[in-house]
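The next block holds one structure in the form of structure tokens; read it before the comments.
Letters A, B and C mark the chains as written, and numbering starts fresh at 1 in each.
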Amino acid sequence: MRKIAILAGALAMTGPTAKAQEALPVEMERLGAVSPALQAYTADDLFGSVWQDSALSQRDRALLTVAALIARSEDEGLAEYIDLAIDRGVTPAEISETITHLAFYAGWQNAMKGVDAAAEVFEARNVTAADLPAVEPQSMLPLDQESEDQRQSFVQERFGNVSQGVVDNTEKLLFLDLWLRPALAPRDRSLVTVSALIATGKVEQVTFHLNRAMDNGLTKDEASAALAHLAFYAGWPNIFSAMPVVKEVFDSREG
Amino acid sequence: MRKIAILAGALAMTGPTAKAQEALPVEMERLGAVSPALQAYTADDLFGSVWQDSALSQRDRALLTVAALIARSEDEGLAEYIDLAIDRGVTPAEISETITHLAFYAGWQNAMKGVDAAAEVFEARNVTAADLPAVEPQSMLPLDQESEDQRQSFVQERFGNVSQGVVDNTEKLLFLDLWLRPALAPRDRSLVTVSALIATGKVEQVTFHLNRAMDNGLTKDEASAALAHLAFYAGWPNIFSAMPVVKEVFDSREG
Amino acid sequence: MRKIAILAGALAMTGPTAKAQEALPVEMERLGAVSPALQAYTADDLFGSVWQDSALSQRDRALLTVAALIARSEDEGLAEYIDLAIDRGVTPAEISETITHLAFYAGWQNAMKGVDAAAEVFEARNVTAADLPAVEPQSMLPLDQESEDQRQSFVQERFGNVSQGVVDNTEKLLFLDLWLRPALAPRDRSLVTVSALIATGKVEQVTFHLNRAMDNGLTKDEASAALAHLAFYAGWPNIFSAMPVVKEVFDSREG
């Protein structure tokens, strides 16, 4: 954090000045009335520095921020961040599909909070049904049958006698349906999933999903930058709990 | 998820048509304006399928859903789910006692959110003080002294020098008081506890409380069905984190 | 929990009667309309007993409660607890700095909820910019260079190739900046941090931060009392997950 004098400059960096200041998803005046220091960290370090780091695109940063907020049940500023995401190149269809995805990965009612926030933004932007992913897409993404067979037989063997319902729904609803929906590219769906897992401290599933994300095209540099970005929205402790697991994944793919 | 055309049918299955549609704790129109796909998953797979599975009663599903939402601090739709629970046979006294129980097991302010939501429902339904559990019940449930002595001496020995206050309050307020209150059957109190633990990722305590739940009458099939149900409200990752622990409990009771 | 008849007495114990009843951060009437039992636990056991235990000052209890609520994203009653904290001796500057600190340790949007609540309280109390910590303090606290070098080289070696951005921001923003800000005494900053970690189940970082807290002057008795206090606000399961880690820290410092 440096001087708040550079605030205007920092904001201006995020886009055409007027628009950016309008879009910045923070009520800076109220923030300043409680903590001028946090106002400065927000302007200088978060928006002025982390968001500007080109190791991860602004579009990806906005998408993973929305995913982290929904997963953490953060309605505070959620509509503003969804609005920012659309400004940064995330389509309304991708927002819609991210919320659908997170219903399964972060709980139905957290997704419903995402629905409330997105409904507000979509209405203001005149998003209509034609802009949203269809219930039944014309064609689904191809399935990697071998990989899915391995996953399913591993889960069936371990957990079939614990809850066949969980095992069946995981296959039918998630891996043979949700993950094959074309409205979110597999790499983006994985980015949303990994971000949600890290942001909510569910490190047990990070190994599987970060490997899947990197198989789907997320680079190591992007994953590293995502961690640094998520630290602000998920809190440092969630990042430090995830780092040993991410390290293992990185090491195992290089070894 | 199949076609949204079956939506009306799915809703009708949950009870007398008009009432069920009134009671469905989701604003379907707003949901459809953001994600027609999530609207269809909600109607077809969640309410049309999972809630209809007879392996766990609708009453138990409603009770554990309310517990999971309160434990996760989800105010979104909470009043609607409490209303649905009363429709499905959970009494206002049981709702009241569940909130009291979760103050201890999920944090005081989460319980206060439950109070806000329940106050609204209770007022609409003309629930009065006479319908609620007394502060001092006329008689408490019998204590299993031997089992409590074992629990207490284990905890005292391990943690007495860490925080005698925690150890004392755990005995006095929880195991010699809260758990003996008759307003919630021990099996239901355990179901609420286990659901809250799984829904918030507190797997460390699942072993103790799932064993207690099954000692109190929860069957293995009910526990399995509860996991499949909770997956939707707690998110898949919390279920997959709990499954190895549930498996160990199931195995240890069969071995 | 004993008879609700002692309610008035319990509240009176927390301060001059009229003021205390005004300040109690709970809507007791609404609570009684849903759960007379929880109303009695709140009055008798939480405010009438735990808050009165002199092993930890009322001021510290209020500070750690606010920290726990912000970390858990609990907006329910947050303004009332911030107001109570100021009544109990926490300064507005310390509230401001606690929120700034928790932006990093519990996520930016949780801090923003704290900002909303504090803005309301600060306005009612006529807190002005002059009462708040400066963006650039005239002098920072002294750095323990050796200890910081150890921390930084440990983290760099382990995680530098996972996310250099996280490692760099942790050093630059947290340990060479935030932790050196004089607006919150190191012992209080540590108390806030440890409370936030325990309240959100992040036990992995408790070892480092509880040791730091005790190095910074938090006594073992205070830490024990903090655990018993936090049990109510974070839920018993988070406390029982933290106890083995706290035990190890206590044992290692005595051994």
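Everything below uses one rule, namely that a contact is a pair of C-beta atoms (placed from the backbone, for glycine too) under 8 Å apart; a residue touches a chain by one contact, two chains touch by 3 or more.
In UniProt terms the chains read A, B, C = 4-carboxymuconolactone decarboxylase.
These numbers were taken from a predicted model, which means no experiment stands behind them.
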Self-contact between copies chain B and chain C, residue sets same or different by half: different
Rigid-body rotation angle, chain B and chain A, from Cα fit (steps of 5°): 120
Rounded Å distance between chain B and chain C, as computed from the means of their C-alpha atoms: 28
Residues of chain C whose C-beta touches two or more other chains: 73, 201
Of all residues in chain C, those that touch chain A in their complex: 71, 73, 96-97, 99-100, 102-116, 118-119, 122-123, 129, 132-136, 158-159, 161-166, 169-170, 173-174, 177, 181, 183, 196-197, 200-202, 204-205
Chain B partner contacts - residues on chain C that touch it in the complex: 1, 3-4, 26, 30-42, 45-46, 50, 53, 55, 69, 72-74, 76-77, 199, 201, 223-225, 227-228, 231-241, 243-244, 246-247, 250
